[in-house]
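Chain naming follows the written order as A, B, C and D, and within any one chain the residues start at number 1.
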Amino acid sequence: MIKVGIVGGTGYTGVELLRLLAQHPHVSVEAITSRSEAGVKVCDMYPNLRGHYDTLTFSEPDAKQLGDMDAVFFATPHGVAHALAGELLDKGTRIIDLSADFRLRDAKVWSEWYGQPHGAPSLLEKAVYGLPEMHREKIKTARLVAVPGCYPTAVQLGYLPLLEAGLIDPQQLIADCKSGVTGAGRGAKVPSLLAEASESFKAYGASGHRHLPEIRQGLGDMQAHPVGLTFVPHLTPMIRGIHATLYSQLTTSVDDLQALFEKRYASEPFVDVMPAGSHPETRSVKGINTCRLAVHRPENSNTVVVLSVIDNLVKGASGQAIQNLNLMFGFEENMGLTAPALMP
Amino acid sequence: MIKVGIVGGTGYTGVELLRLLAQHPHVSVEAITSRSEAGVKVCDMYPNLRGHYDTLTFSEPDAKQLGDMDAVFFATPHGVAHALAGELLDKGTRIIDLSADFRLRDAKVWSEWYGQPHGAPSLLEKAVYGLPEMHREKIKTARLVAVPGCYPTAVQLGYLPLLEAGLIDPQQLIADCKSGVTGAGRGAKVPSLLAEASESFKAYGASGHRHLPEIRQGLGDMQAHPVGLTFVPHLTPMIRGIHATLYSQLTTSVDDLQALFEKRYASEPFVDVMPAGSHPETRSVKGINTCRLAVHRPENSNTVVVLSVIDNLVKGASGQAIQNLNLMFGFEENMGLTAPALMP
Amino acid sequence: MIKVGIVGGTGYTGVELLRLLAQHPHVSVEAITSRSEAGVKVCDMYPNLRGHYDTLTFSEPDAKQLGDMDAVFFATPHGVAHALAGELLDKGTRIIDLSADFRLRDAKVWSEWYGQPHGAPSLLEKAVYGLPEMHREKIKTARLVAVPGCYPTAVQLGYLPLLEAGLIDPQQLIADCKSGVTGAGRGAKVPSLLAEASESFKAYGASGHRHLPEIRQGLGDMQAHPVGLTFVPHLTPMIRGIHATLYSQLTTSVDDLQALFEKRYASEPFVDVMPAGSHPETRSVKGINTCRLAVHRPENSNTVVVLSVIDNLVKGASGQAIQNLNLMFGFEENMGLTAPALMP
Amino acid sequence: MIKVGIVGGTGYTGVELLRLLAQHPHVSVEAITSRSEAGVKVCDMYPNLRGHYDTLTFSEPDAKQLGDMDAVFFATPHGVAHALAGELLDKGTRIIDLSADFRLRDAKVWSEWYGQPHGAPSLLEKAVYGLPEMHREKIKTARLVAVPGCYPTAVQLGYLPLLEAGLIDPQQLIADCKSGVTGAGRGAKVPSLLAEASESFKAYGASGHRHLPEIRQGLGDMQAHPVGLTFVPHLTPMIRGIHATLYSQLTTSVDDLQALFEKRYASEPFVDVMPAGSHPETRSVKGINTCRLAVHRPENSNTVVVLSVIDNLVKGASGQAIQNLNLMFGFEENMGLTAPALMP
């Protein structure tokens, strides 16, 4: 049994960590911090956890307490992990950061998109990008893992087989992405109200979104040079789920894209290549850590369309964080992550 | 490991049994029948089950095959269990019937509400009403369990402490109930379309609903004489969940209704009495077998208001069926039913 | 053409006034105030109004400007109309107050429920309660109208025929009410987020809600003595609509409740008694000023169940406000309010 | 006052015609046909119409009765208008066909996509494609108008300024489209149930959809040669609305795309070019005939992104049909179509 702490536990990724870890046989959540809710019992804030964490209470962040943990999850806004990571790493605590703090290798790029100096550039070389399908071996020995963002996970897993195989033009990538509203977090903002966001659909950030440099970095790594990517995120009126519709142009003749995808992901526990002709629904991954993919080639043209769905709070955040933890601590990779999706 | 079969597995209670049983360490689903989908793999129909039941295929109902099972769940329209139950019981198979076939003790009443003769009146004396909070000991030795309906579960658990204690007038009960749309099943009907049922709220069956005699029978048992009950069900635009708002009139002075409820349910694994002043939300039980209750006494009047929420597909159907199975086979009562609710 | 102003125009009842008044041939909106949005064009905040109010801009509240109007609507939190009403009335401006400021005749009761002294008790005797089905003649000559709340409108119209005719026990009234989320206003609160409020149903205020004294006052007026009322509001996951399910006990034998309702409302332009056996849906009044009613008597018992639906933003607020304005200024009562409901 | 009939009035486009025409001062609906519902009053089927069409009743289709109308709308599945159009045109009745029967100029292409021979190829040369922004003058004198499909309307209006001006590569068009569920009609199908379609998002028809040839034909007309188009439709969990996200590649340097769009649509009553940087929401056009557009150029690349929203039942069907009727009969183009969108 390992001891873990959660920093910033009041948001959706925090409570999702608790929900999933309640099913993990080898993890005990010993600390959960929140400045605003210190002293409140987690099950008073999240009644779905009644009966599971009946004594766990939000506390003020305390580096000493966190330093006693085997691992600490950061489920915080950007900047927080920068401030605490160094001290915890020095104490031997492993860090799994769900925020954007260590996702970009280049501190300068980070600083441009987040509008503030990078708070821990010296730690960047230690950070491993926590996409197991790309970096499994490095994750196993990492002390500091940057869990990928939700859009970046769905987009990278969809393009990976095509880019690795060098089949498509990396300069002509278009990722049209749709997210449920939990992607915007639990902050009280008018546009996120049910009265505003339901029964409507819209794009946002069409001229630039913070996940763009992360996706570019990841796609670039797959074939060793920069990509040209247009990324347009949209808000869809549902709670959970991301659907990425990924367009690219074949540069070579290919016989069987379906076989390519199936082969690439044959041994991946959390990537499911659907049968040819499928249209994966986001609800088919509601609450679980799986990414389901389908590949289409409309009218045998050179355009490839990949459909990629994840639960933004699981494979796009807390589930992938636990998958990383499992790898870092030598547990079975799917430990605590085996329940089927809730459907309907 | 026991072997179980599911008759009528294509509806929502069937797929929910599969979802929940995937987490049960001592149950193996060996047969699932459907006349309309025979030959189809369950995970082709329900992609959320991909990776869990990859070889399980719907088959024609076959009494011989079902008779080899330790237990058979009926997730069927009324009448089907009548026809098969006798033969299976003779073979030693235990039956857990999610339909209404064996819920009413009086075949004549059944026949009035269901518009056809009762198909197996001789089995009625063997049938145990599967509400563990009322009939746990009988369930443990039962061969044939009638799983309560969704509304009846929510209503009975809410009134139980009051009626058992003889505190309220049993002639003045009003149950105003609200259900998500899965309560209407998976049939393709215009009123259940998203375009018809979302963004709207309505009552139905205000002049009489089939769950009424079942609720009356159950409430009557709690204090040994017939009750006067008005029951109005409503349709609310969501997938899962029942909220019962239960009104009654105190006939005696009572100090502490909260303590009464807490004491009555102190050792029940699946009834959660919320703190005084609470308003349980249906989402706090999404996907789980718990009933959450709160008791109010507006302005210290004689009117008691009990709020009772369940997931209609879990505590209102498939989860309670598994709870019964656990009792019948001597497993821990909560086996396979320990995950927290999905929230948000 | 009369000139009107709107105080507090950024909330849902404000924008709904604009939407409806865009169709009114004899009203020109000349001023709309908002402290927080002063200087912003209304169609920048509400793009649905583009093409209708392209130059109208929120301004700081200004008693002088408002005093030049023929009528002013208050779409404000409580307390604001108290402060401004006297001055405007002195200038000859008629006031239609959508807030709770002048709904209760008794300043002491007001002050108990709203936790502050009543700010304009001397105006109370001038205020007319703007439920046209009860007070049409008084409204025609009123200078200050208090538009009823949303729940109070649905509940009063449902009980009116029964109480006026003296058929039911006024001490045993139970109003189980369900509202869409716009009833909670446009404030940015966590419980109103789509991620929190959708796919869930809950009661709130079970021990006391501010609409209770207003409903009691109105029902009391119908039969000249106080009523005993239990009122439990619920939140349902949809944008608009209120469904009131109203229970009462007959104290005398009655032949034909359907005829009673039809007769009472025969000449009402905005009350629609549905055919016997109906279950009105809230969507059937989406966007319109109609209240649809159905009356049931389950199993010929003494319990009467009335189902009453309105759009909380129209008949429950802005539409009823315009209906009052039409009466006050001698227009056709349904002017600007003739479009059918949006369905589906 | 002109007399109109509606063939196939039970579907969503039929009831939407009734809703909108109730506000049209110069149109009287004298006949509405439905084989399945003959004899039923429309307001019994659609209670939102109570008070508006209280005597109108569905009747069997009758060419004689329809031939007495000034105009007949077809709100039918494909093939029905083929069979009746010739006879009605001979009687002098003008036809406004909301189905796909006369949208494609090439009967052979029609027959390939619809899997049956074209039933009235001789009428094709009389048919005018009813997109007023392209063909206004022809519509004014047309006897037979084919109302564009919902996706084709949103896509064509978005690409029109760019293609007419010759600024983009017509071989590299990608239209990623999202529709509410009413796009699938009112048929009782399992995938359209609230329990199946809500809280989920999916693509469909990724390998080919019937609107593809219609869009291709329309886009081809804008610049006189065939286009290369990838079109992927998606289902989003809401009732109404289409959002088209349109990608293309600039082939020439352009200073000001915003000005280009504003100029092209300056005098169009139903196309609203939003301010630069906008992200139009589908709810901003709920219930109305407007198409709102925004144009983006992410990071000043050569990729242009156009966002285009309509209400699929109004500008995508019944509203556009009435806009065509207004043009054909010399009414103001926006007659009956002036109400603001319902929001929230």
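Everything below uses one rule, namely that a contact is a pair of C-beta atoms (placed from the backbone, for glycine too) under 8 Å apart; a residue touches a chain by one contact, two chains touch by 3 or more.
Because the structure is a prediction, the values reported are computed rather than measured.
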Tell me which of A-D and A-B has more C-beta pairs in contact. A-D
Where subunit A and subunit D are represented by their mean Cα positions, the distance between them in whole Å: 39
Using Cα averages as centroids, what's the distance between subunit B and subunit D in whole Å? 46
Where subunit A and subunit B are represented by their mean Cα positions, the distance between them in whole Å: 37
Residue numbers in subunit A touching 2 or more other chains? 12, 180, 182, 195-196, 198-199, 237-240, 280-281, 283, 286, 344
Make each chain a node and each touching pair an edge, then name the shape: line, ring, star, complete, other. complete
Would you tell me which residues of subunit C are touching subunit B in their complex? 174, 176, 178, 180, 195-196, 198-204, 206-208, 228, 230-232, 234, 236-241, 243, 245, 247, 277, 279-283, 286, 294, 296-299, 301, 303, 305, 307, 309, 344
In the complex, go through subunit A and note every residue touching subunit B. 12, 15, 18-19, 22-23, 46-52, 182, 199, 239-240, 272, 274, 280-281, 283-288, 290, 292, 338-344
For the complex, give me every residue of subunit D touching subunit B. 12, 180-182, 186, 188-190, 192-199, 237-239
